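Presented sequentially are two complexes of chain A, the first with chain B as partner and the second with chain C.
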Partner chain A sequence: MARKAALWILCVSGTLIATALVTAWMLVGGDRRMLLIGKTTDAHHQIETTCETCHAAAPFASAAAAAKALNKTCRNCHEDALQAAEDSHARKLFRSPRMAVYWEKLDARLCTACHVEHRPEITRPGAVTVAEDFCVACHSEGDQDVRKARPSHAGLTFDTCASAGCHNYHDNRAIYEDFLVSYAGRPWVASAPVHELAMRSRAQKPPAEAAGKRGAALAPATALAEQTALHDWAGSGHAAAAVNCAACHAPAAEGTSRAAVEAQWIATPDSAICEGCHKTPAQTFAQGRHGLRRHPSLAPPRDPSRRLEAIGLSGLLPKAAAAWLADLPPPMHMTVAEARLPMRPEAAGESLHCGTCHQPHAVNTERAAVEACASCHDGTHSRAYFGSAHHELWRAELAGQAPPGTGVSCATCHMAKAERGGKVVTSHNQNATLRPNEKMIRPVCLDCHGLGFAINALADADLVARNFQGKPSVQVESIEWAVRRTQETGN
Partner chain B sequence: MQQRFRKPIKIALAAAMTMAAVGVAAEGVSYRQAADMLYLVMSSDRAVYARKVVQRLTRDEQLLTASEHFEDDSALPLPAQMFRFGAEMAADKTEDFSYSLLSLHPVNRKNGPGTDLEREGLQFVADHPGENFYGEEELGGERYFAAVYPDVAVAEACVNCHNNHKDSPRTDAEVGDVMGGVVIRIPMD
Partner chain C sequence: MLTFAEELVVLLNDEDGAPVPVQEDALACALAGAVLLDLAFAYRIDTDLQTLVVTDRTPTGNPALDRILAKIAARPEAADTRTWIRELSVDEAAAIHEEMLSGLVERGVLARQVEKFPWNLRTPRRPIVNGEAAQGISRRIRAVLHSDGIPDPRDIALIALLDACDLLADVFPAAEIEQCRARIEQLRLMDLIGRELAGAIADIERTIIAALRARSARFRRLLLHLSTIGGLGATAVLLAPRIPASDRFGPSLLQSLWFDELWQQWSGYLLLGFSGAGLLAMLLLKVRPVARLGGGHWWRLAHVGFGLCCALLLFAHTGFRLGANLNAALMTSYLAALTFGALAGISTNGAPQLRSMGIPPKLRSILTRLHRVAFYPLPALVAIHILIVYLY
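For the complex of A and B:
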């Protein structure tokens, strides 16, 4: 009898302790990895333990409020990209009550209608968790029946809408009908292909006023003794723009005295120093996969005392317990070892910050555009780049055998350049052109290639894996159909 | 149809867009009055954009063009697009009211009638020039007051675009015709 009672006490106590621990992990603080309910999608896995970044509802909120808060957090990070994509199915288009009939079919007001996190068993590329023929929900009946409106589509199945290079749910900037027509008939490659923004970027010079400030390289003697660093810096764009040692190593003392510089010297400045001047690259870096952990919308580590206060239990936690429960600050940088793509094993110890690719003293953008990528990335597509036509063009440009802007590096496609306020800037957000890959057509491919070739090439997965060595074996008929319909309607 | 707003927030929505413009006290505004005031503001803004911006810069001064693909063409948005962008932005910010530009002969099929009331209202304003249509309907489990106002082709450019667009089901429109209607909805609960 006594043994039975003891077992009961043990069982109840254990349950209570386990419940208390799980509750504390969920609501107060501590390592929450064991609470993850399923493998997180790529990129999101970098921030999977900052749960509040996505699960932003107040404790014990209703299911509806939690869903609303969750969807709001999606927009915190992704809204800018969707606006830039001129989102074909923007949330705002479905909020009018006249769209209520569609809410039951596929509620496009909610990101989570198609993108459910922690469900690896049903997650497709693009973090999509609905079936491939999801378009059937709204485009197969009544006035929206695409098979009636477009005779060319009569025999098509709905699993081909968004998988054959013809349509995307969000971003159709390069494949909408009138755009297809306006770019029809162009040759597969231009007669003198050049990336105009890359060409202009190379022509951008340091400001003229910088010339008078050069040479004031104040630094401790030990730092100046590092000949390689000094040599690299002397040939860099930083030196040309009069960005001297103190600008990065002792910014608070820049322009004062050698003593002040030595007193405030920082041996290894972090990326925050770079961000002070390179605002656009830093901003876009944090929007991409390399710098996601620096995104401004990420939830900060939890403060156990404040969390207890939020659930009405303020003042209960001793300082020692609070310190034990406190969240560990998430690492500032993604490490190569955490990547889910194939990476070189020798790069596993690298972490991703500005200096990883740019070499802080040489600031070599040419190295950053190819060699830096290949020092980590080791997938089929990455390996196939070397020896490809694009690579040969890049080598020729670097060797001075071809005009500026004619080479194609990794960064040409994955860190596309853009113009802001008359200045050429490099986006460090790979997502901007990554998936669906038709996003790459307008800012990158069309500089040199015809639209038809670009659509076919990007729809050919094997060709993409071979890094475009060869010609597309896929023939997407969208341009032909668009031209034919335009001719038939006479407009 | 003289239902009254029951919640201050409903009154505020009408007031926010219209009080300054028409000098009406919000207290006691009926759904119909609120819809009429909203329509007055949005139709006035649209007319000003069409005349003072599009017509002046395209036809009179010939400095720019107006185009459906205005970003790709570095052109001005069409007045109807401008109107829709406003409707979308309002829908993104509030559920206290919504509005749409619809037609029985839409260039884009998604702008055709989607509910029985829209179909009835658009037909009514087409058959009764100069009159509006008012009614109620239930959508998504909520009851709405709805008003439909005729949208008349006021310029040659309007009918030319509609008559010649490859997606337009109607090719015989003339200036002065009712091309469709503006539908305004206000939740009643």
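For the complex of A and C:
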């Protein structure tokens, strides 16, 4: 009997203790990795332990409140990109009561209607968790029936809408009908292909007055003894813009005395120093996968003492227990080891911050545009770049054998340049042109290629894997259909 | 001289003091029968087809026997042997067992020890210290079984009792008992006891056999089949490929079951309810007044039935997807509880078949313990699972 009683006591107390412990992790603080119910989607996996970033509703909120809060957090991070993409199925379109008939089929007011986290089994490319033929929900009946409205679509199945290079749910900027018609008939490559913004970017010089401010490098003697660093800096844009040692290594003491600089010297400045001046790159870096952990919308680690106070237990737990309940702060930077794409094994220890791609002293943007990428990425597409036509153009430009802007580096396509306030800036959000890959057509491909060729090339997965060595074997008929329909309707 | 009940307890206690794993019903009936045999051999009771009556109220000197004798004598209306076997096996078996153990300790046959394992829990053990006395019983029975001589009537009665309760194969190797089957039948027919005593002994044995067979015949096969289905289901869970999610948009029962939160809540709470009901059925079996209803078999049947329902509901709730992290731990623990439960059911209800295959009876208790151990983390994991669902 004593044994049975002891077992019962052990079982009940163990259950209560384990439940209380995990409840404390949930409500107060602590490592919550074990609570994850399934593999998080790519990119989001970097922030999977900052649960409140997405699960923003109060604990035990109603299902409706939780869903509302969850969807709001999606928009916190993705709304800008959707607006820039001129979202074809913007949320506001579906909030109208006249769209209520579609809510039952697929509630497009909610991001979570199509994108549910932690469901690896049903997660498709683009973090989509509905079946590929989801367009059937709304476009198979009444005046929305595309098979009736478009005779060319009569024999098509709904699983080909998004898979054949014709339509995207959100971003159709490069594949909508009028655009297809206006760009129809262009040659596969322009007679003098050049990336205009890249060309202008290379022509940008530091302001003339900067050269006059270049002063003696104030730094500790040990730092000044590093000849390579000094040499790299002297040839860099930083030196040209009069950004001296102290600007990065002792920003608080910049412009004061050597003694003050030495006293406040930071041997390895972090990315926050770079962000102080390079605001736009830093902002876009945090929007992409490389810098996601620096996104401003991420929930900060929970403060266990405040949480305990909120539930009236602040005085009950000793400090050590409260400290033990503290959230694990997520690493400041993503590491290569965490990547889900093929990476070079020797790069596994690297983390992604400004200095990873831009050598801190040389700040070599040419290296950052190709070699830095290839020092980590080891996928088929990455490896196939070297020796490709794009790579040859890049080499020719670097060698001065071709005009500026004619080369195609990794950054040319994946960190497309844009114009802001009359200045050319490089978007460090590599996600902006990544997926669906038609997003790359307007800001990148059309600089040199015809629309038809670009659509076909991007729809050809094998050609993409070969880094566009060869011609597309896929023929997307959307331009022909759009032109034919325009001719038939006379619009 | 040891009583029948004491000899039975010694035989069912291994040298380390751990009880030999036997069917609870059989042990309870055997203890009840042994006490009645002791009283019959002491000429304190007699039986006929309708009643079991006390013929002599003089105490025997053995506290346990005298307590039962007083209980029988105290009943105003006469009851038959079947009633007393049922009543003693349900109400008194545990007490008789404990009294016999204590008596054997006092007489120096067993010792009293406390083992602090596992988890430093105090587990009482009664190892045999007088090996000669203990081995003497086995030797005596073996001698009777393997010879053609004229045995002692007490040995005949003990062998008949063990055989009636299907315990011989738990005490001796199954193959040995099979070899001696003809001799056991021969012993049954021997008329070495006075007519009146022989009648009482035969009545007790008949009643025990009838009681056990009636219960067994009704339920054992059903329980065996259900456990086998459960075992096959559990194997399928581990080996069969998962049914993939549909590639077509639109209503799908399986898709709704596995990925719709509302459906998952229903299946989840049903699963929780059926799991609780299964646990309750087993716990109620330990409560004597409840266990008396149907003699425990109905509760076992309910336990196995709820287990099978749980397996079906688990399929509805998860599609047998293991999940990740704590969900994976929950599924692993649940599947282990189901699997070991099914295997324990097979080993318990298919004991004769397994014995003939040479599988040791100890397997039954190992599987039952594993079934329980797999259950222990479930309440915490289920509570955490529900909390996670509602918190996030």
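Just so it is clear, the second predicted complex is superposed on the first by the 482 of 491 C-alpha atoms of A that agree within 3 Å, B and C clash if a C-alpha of one lies under 4 Å from a C-alpha of the other, contacts with A are read in each partner's own complex, and residues count from 1 in each chain.
One rule holds for everything that comes next: contacts are C-beta pairs under 8 Å (C-beta built on N, C-alpha and C of every residue); 3 or more make two chains touch, one makes a residue touch a chain.
From a predicted model like this one, the values you see are computed outputs, not experimental measurements.
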**Request:** State whether chain B and chain C clash or fit side by side on chain A once the two structures are superposed.
**Result:** fit
**Request:** Based on the superposed arrangement, let me know which partner A:Asp178 touches: chain B (first), chain C (second), both, or neither?
**Result:** first
**Request:** Return first, second, both or neither, reflecting whether A:His153 touches chain B, chain C, both chains, or no partner chain.
**Result:** neither
**Message:** How many degrees, to the nearest 10, separate the directions from chain A's C-alpha centre towards those of chain B and chain C?
**Reply:** 100
**Asked** For chain A, which side has the bigger count of touched residues, chain B or chain C?
**Response** C
**Request:** Examine A:Leu10 and indicate which partner it touches, taking first as chain B and second as chain C; both and neither are also allowed.
**Result:** second
**Request:** Applying the touch criterion given at the start, work out whether A:His89 contacts chain B, chain C, both or neither, answering first, second, both or neither.
**Result:** neither
**Request:** Give one of first, second, both or neither to describe whether A:Val101 is in contact with chain B, with chain C, with both, or with none.
**Result:** first
**Prompt:** Who does A:Ile37 touch here: chain B (first), chain C (second), both, or neither?
**Reply:** second
**Request:** Based on the superposed arrangement, let me know which partner A:Arg344 touches: chain B (first), chain C (second), both, or neither?
**Result:** neither
**Message:** For A:Ala63 in the superposed arrangement: first (chain B), second (chain C), both or neither?
**Reply:** second
**Message:** Quick check for you: in the superposed arrangement, does A:Arg485 touch first (chain B), second (chain C), both or neither?
**Reply:** first
**Item:** Least C-alpha distance (whole Å) that remains between chain C and chain B when both complexes are overlaid
**Value:** 19
**Sites on chain A touched by chain B in the complex** = 86, 90-93, 95-101, 103, 143-144, 149, 178-179, 182, 485-486, 489-491
**Fill in**
Per the touch rule, the chain A residues reaching chain C in their complex are 2-3, 6-7, 10-11, 14-16, 18-19, 22-23, 26-27, 33-39, 51, 55, 59-60, 63, 66, 106, 116, 118-119, 121-122, 130-134, 136-137, 158-159
**Asked** Touching chain A in the complex: which residues of chain C?
**Response** 119, 121-124, 242, 244-250, 259, 261, 321, 323-327, 376-377, 379-380, 383-384, 387-388, 390-392
**Complete:** Per the touch rule above, chain B residues touching chain A in the complex are 68-69, 71-72, 87-89, 91-92, 95, 98, 100, 109-110, 112, 114-115, 118, 139-140, 142, 144, 164-166, 183, 185, 187
